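Below is a structure I'd like to ask you about.
Going in written order, the chains are labelled A, B, C and D, and every chain counts its residues from 1.
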Amino acid sequence: MGEFQPRIVVFACNWCSYAGADLAGASRMQYPPTTRVIRVMCSGRVTPGFILEAFRLGADGVLVTGCHPGDCHYISGNQNAVATVEKTAQLLRLLGIETGRLRLEWISAAEGARFARIMTEFTDQIRALGQSPLGNSHRGELDTVGIGEHIGCET
Amino acid sequence: MRDVLVVGGGIAGIQASLDLAEMGIQVHLVERLPSIGGRMAQLDKTFPTNDCSTCILSPKMNDCARHPNITLHTYAEVTALAGSAGDFTATVHEHPRYVDEAKCTGCGECAQKCPTKVPDAFDMGLRQRKAIYLYFPQAIPQVMTIDPDHCIYLQRGKCGVCIKTCQAEAIDFEQTAREVTLRVGAVVVSVGFDFFDPRGLTQFGYERCPNVITALEYERLISASGPTGGHLLRPSDGQPARQIGFIQCVGSRDVRYQAFCSSVCCMHSSKQAVLACEHDPEATSYVFYADFRASGKGFREYVARAEREYGVHYVRSRVARVTEDEANNPVIHYEDADTSRPARRAVDLAVLATSLIPRPDTARLAQVLGIEVDSNGFVKTEPLTPVDTTRPGVFAAGCCRGPSDIPESVVQASAAAARAASWLVD
Amino acid sequence: MTFKDILRRTRSTYCLDCGKCTGSCPVSRVDVTYSPRSTIERVLAGRPEDLINNRHLWSCLTCGLCTTRCPSNVDYPAFVVAARIEARKVNVEGTYAHNAIMQQLMGIMAQSVNQNRTGWVTADLRTADRGDDFYFVGCLPYFDVIFADLGVVSTDAARDAVRLMNAIGIVPVVSDDERCCGADLLLNGDEESFRKLAEVNVQVIADSGAQRAIFACPEGYNAFRNDYPCYVGPLPFEVVHLSQLLVEHLGEIELSELAETVTYHDPCRLGRYLGMYDEPRQVIQAIPGIELAEMRKNRANAICCGSAGWVNCGQCAKGIQMTRLRQAQATGAGRMITACPKCRIHFSCALKDAGDEFTLELEDLMSLLARALALE
Amino acid sequence: MSDRPRVGVFVCHCGSNIAGHVDVAAVAEYARSLPGVVFVQRNMYTCSDAGLTEIKTAITDQGLERVVVAACTPRTHEPLFRGACREAGMNPYLFEFVNIRDQCSWVHMREPQAATRKAQDLVRMGVAKACLLQPLEEQEVPVEPAALVVGGGMIGMTAALNLANRGFDVKLVEREPELGGLLLRLDKLYPTQDDALPLVEARIAEVRRNPRIEGFTDSMLNEVKGFVGNYEVVVKDHEGRLSSFTVGAIIVATGARVFIPEGLYGYDGQRVITQLELEKRFKEREIDADRVVMIQCVGARIPERPYCSRICCTTAIKNALEIKAHRPSAEVYILYRDTETQGTRYEAYYTRAREAGIQFIRYSPERPPEVSAKRVVVYDELLGAKLGIPYDLVVLSTPLVACDGASELAQMLKVPVDEHGFFLEAHVKLRPLDFATDGVFVAGTARWPSHLEETITQAYGAAARAATILSKDHVTSSGVVAWVNEYLCRGCGACVEVCEFGASSLVQVSPGVEVARVNPVMCKGCGACASVCPTGAMTAMHFTDAQVTAMVRAALSSESMS
């Protein structure tokens, strides 16, 4: 397999960043196959829980992407994302996981090139950091049920 | 209830169509180009929020494409409008794309293979497209179009690489123009504007100096999806432009060209100056103006920020001429307002805020639609009936009725929709 | 464990159907649809799946009030935890609070991490890397981040604990390698991760050369005292609660006068689980001038802070918290003292929700004492 | 949950766009191995009629309970595939999209193996989410086909008439005893110089004649409850009588107020007056001034009021021309900073003013004009010299400011105002007449100073926006909204605070117990509330913690990526 292939989880908001990823594709911009995008409606939907779950399972990096400040389709969702990422970074610091493994970026629907560039940059950044301290555990945990999948409490 | 015909698929046409469609009215949206989106699609950011233009426009374009009450007629033109308010019969001429809209997925595989390169109009000729092309990445419909003037097959009957490439079998060189007849109750005209060609004003050095460009070319240059990937590079040597001069009223407020004020240039130049600084903190901008017109919502605050936070210099003086020094730097000549003496400033890049003028075919279209144009050639309206044209049942919105910024165009579009709808009550 | 075993081991088979548990249960008082007895009934009736797929499996606070009252001495909390372990095996979990941050953190700490969790240790404190006494801090540094918006600084209690230890001549080991005690994971039914955490913690403390582990957090103390031995065997060191040590050394520290009235909230683990009702009260009353006003429900009858295991922290929890806060307010005390960092967090949250109904302030037991110490 | 739903996976070749760089056969094979997957199929173009038909057939023949399509982007194609599922009788929200083109084949063209592995990972993630998808319902709420228009000036009346003529009932509420608003106090209209009064009177008569418009003059809004399609409104008249009614949409057209320049430039209402006071004199035919000096930007474009009021330059020109009309010999000076005469009409108007001999003198804020008893002294920037202009009358052009009670009204309607007190629209570029709160719209100078032509345009525009709601029998919510588990809710209100659309609110369910409730029609499905909810009571449907976490786990599970 040669060079270290990081395992990077990317959260992308539906309106700007996911569209930016589409544009990168339509423009055939090449970037490393190290990222796995999870679409959410708004970067404000991302919780510390999601990010920590990724690290718990050995993700080498987590990238949260959303609309530029002021562009949020939901007015202020991306401000929540800022708080979430900051809080999570503090927890990573305590856990001794390099905060460089977590990043927040604003990518607009017109920024295909930027999307590709950030995927490449972040991959390089993670390569420089090397494998996550938690990287070796939790392989082969195919399809465990999601945290919080409780019986829909009928109320 | 009768349908409504909307002519012109820019932001005004899109808004009018969506409003009418949401009122439960069937809309036929006719666009001259292969995709809707209009001028706004070419912009990078929009003032005074610096919103990404594509981000806010393309969801609306998608809404148009998938709205059950909207029928898109792209790459088409209106050639006749008979009848009267409440009961018109319109003839729409649909140009052949030589691509089957139903089959094409817009994947662009054909364009990858097509051998013919053509200057890309969407990018102001700043880069090349192929003879088979998608008008721009977010185009709606997501369908390729073959440019008959440059397609080797259509010109010389050979090539056909696209036919071999397309697994959807969407290429159809047998396609011919279609005439569509529509019965509609009202018409909304929103064919937009054109930019004044500065070549006539030789003193500004456009074409003579490679580093003198127009505002729209600047938009494409600074656009992340543009030819330079959003890097502000001088055409002459591809070096980053750090000193930028914005020259206002190029063709506007000038009895020899356009007597009127183009309304939006003071702000779009301010925005472009701010963007230059956002892309490169080193950048310094100079905006040369006569009266600074910024009376829209949040505009003065925006300009204040441009001055305070982005170090944009506003120079109260209309530029007399632009020369070029040995390093291809445009040299801007103007009168220093304080000393009333001639002054000059060399910059890396000079940007001409050219007038917003009626599209060349507006007069012809006006004839077809049976409406009058005003002394400037814009679709004629009156102050108290702002979106009514001279023909009952035909309404106008956006820059075809005079220079307007985006929100004004959107408001006019909704207003035209309201007026049009009131002709449909049966 | 089969449910048959669970019933036997927790003495549930002895259930008399008397309903005393339901009458005592703080949850049942708010959520009338909840009854410990009928929860057990479901299983006795041979329908454990009904329990597993019932939200009430997660309603129990494991506060143990029912057990102290149960005529057959049924260990209901143990029954519930065992049942949750079974539920987890078929991928049923409760609804975790705070987007499951806690569960994630515990899960991560169960792995090989190099934490930086001792940043709270300020220059004025005397601590060591190796030594006889190991201060098991608990998750306070993480709470500081997670509950910043509640304005609760949990590590204040840790600093004050060390001040007190220093005052009685103890220079404790504090370690970056300490892990969460895992008590909450066990309450969530995650035995596997709990075991991992137990193993690592025991190792870390042993490696520090400590003969004794000192706790201020009742949850950690209880985990080490009651649960760790079941999972990792007898511990190679002694475990004590700081209040015990303080009682022993009260003669050595000079406490200055604090003329105020406080009330004391018994944490379930320290109280009903470990029977430590007196020590905290003794240290409080050692402060000159202080008056300790007891709440209507105290000691073995004390009601829980309303939430345990960072799960099911809903309107039921809030109801219980309000009841408890009103009891505290009714004593006329200006402060409610608690010995558990989690009680403090849960009550702070309730106070925030309650708005201006309460004039009450919350303070950790160690911080109260340290205040008296500081005034010297 | 242990018994998994039957999942069908459809892998699209997209011609050679995907198949050219990703081993689609391998992806399909892999999909077959995933838990829950009972059917896998490859299509040349899944979006083609053929592809869609195959999906529908598979749903019925294979008894599929979930459909996963691995192809291009949901942003353009999701509605298409959801439609296909719906047609086959499956709840459309049980469809999941996996993007293996834009995020895979197109961006890893040179690494076919890696691209194929990534495609497999993405499919695994999609299937993991699909297994947890829940059928969602789009809720419908009937719409009351009536509108409330707040403000009986030109704007409000115009909007009301347009709606009424389209067959909607309109309640028109005006604070003053008579309709007409600010226009009643104007003499002429620019740029035509026509009389203002006939226009207003005609419009008022039209409103009075219209059977569908119920006017409430001398009245104020007392209470507004409800949401888009169903606003319950209570109006109170000057005698305190209450009348209540239900409307589907609300238009705010409360206008603005002219700033009174107390203490500026010797304002006394006698020899130094405002433009509005000048118009009063015109109406009363008392103009006997031979030398008139008008000063622009009085109380505008200053630190405490930095904005340009847009209409003052044209108003000054209008009145200057009027003075010339009354007394051709009169000299009129306009002291200005920038002439704000944009566009075709007003630039021409500015030219016309200069033709009429009106003198424009530019001043700078650093050296503002000084008004003494006899003369106005101004530093002419271009001459670089001071000019003393004797005057009979000084007219101050003052800006429009937010009308009194604007912020109270805003609070009642739960819509925002900006730092100047003008109503703040949902989006300054593309939703200039909407509020973030559905069903409430704004037009005219309540939003921002605008020319009459513009306000009329806005009046029609707001009417159109309102009509888009009133024309429907129902407003329909998306299925992708937030849902509250009331048992787990502690009523802390974090969701209420974070929601920009007022969709979440606290309701008392039993004494002392409050819980959050989400109005699905107002909810936009962003999920912010679910993220801030401390207890997990709030669920963002279609992007639940369980679903997103399952994707995270799938992304990182097994041989993936390495």
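Throughout what follows, a residue touches a chain if its C-beta (ideal position, glycine included) is under 8 Å from a C-beta of that chain, and two chains touch if they have at least 3 such contacts.
The structure presented is a predicted model; accordingly, all values stated were derived computationally and were not measured.
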B-D or C-D - the one linked by more C-beta pairs in contact: B-D
Chain whose Cα centroid lies nearest the overall Cα centroid: D
Distance from the mean Cα position of subunit D to that of subunit C, given in whole angstrom: 50
CA centroid of subunit B to CA centroid of subunit D, Å: 23
Separation of subunit A from subunit D, taking each centre as the mean of its C-alpha atoms, in whole Å: 31
Subunit A and subunit C: spacing of chain centres that average the CA atoms, whole Å: 34
Touching two or more other chains - residues of subunit A: 19, 26, 47, 49-50, 53, 73, 144-145, 147-149, 151, 153
Residues of subunit C engaged with two or more neighbouring chains: 55, 91-92, 95-96, 98-100
Numbers and ranges of subunit D residues touching at least 2 other chains: 1, 75, 485-488, 531, 536, 545
Chains touching one another, given as label pairs in label order: A-B, A-C, A-D, B-D, C-D
Subunit D-facing residues of subunit B, complex: 11, 15, 19, 22-24, 46, 48-49, 51, 56-57, 60, 62, 66, 103, 105, 107-109, 142, 166-168, 253, 259-261, 263, 291-301, 304, 337-338, 340, 374, 376, 378, 383-387, 402-404, 406-408, 410-419, 421-422, 425
Parts of subunit D lying in touch with subunit B, wherever the complex brings them together: 13-17, 20, 44-45, 47-48, 72, 75-76, 79, 162, 165-167, 189, 191-192, 199, 301, 306-310, 338-348, 351, 381-382, 384, 418, 422, 427-433, 447-449, 451-454, 456-465, 467-468, 471-472
Residue numbers on subunit A that touch subunit D, as the complex places them: 1, 5-7, 9, 14, 18-19, 21-22, 24-26, 28-31, 33-34, 36-42, 44-47, 49-50, 53-54, 57-59, 73-77, 80, 84, 116, 138-149, 151-153, 155
In the complex, subunit D residues that touch subunit A: 1, 34-35, 73-75, 99, 101-104, 106-111, 114-115, 117-118, 121-122, 124-125, 128, 131-132, 134, 436, 480, 485-488, 498, 500, 524-528, 530-532, 536, 540, 543-562
Touching residues on subunit C, where the partner in the complex is subunit A: 53-55, 58, 91-96, 98-101, 103-105, 107-109, 111-117, 119, 141-142, 145-146, 148, 176
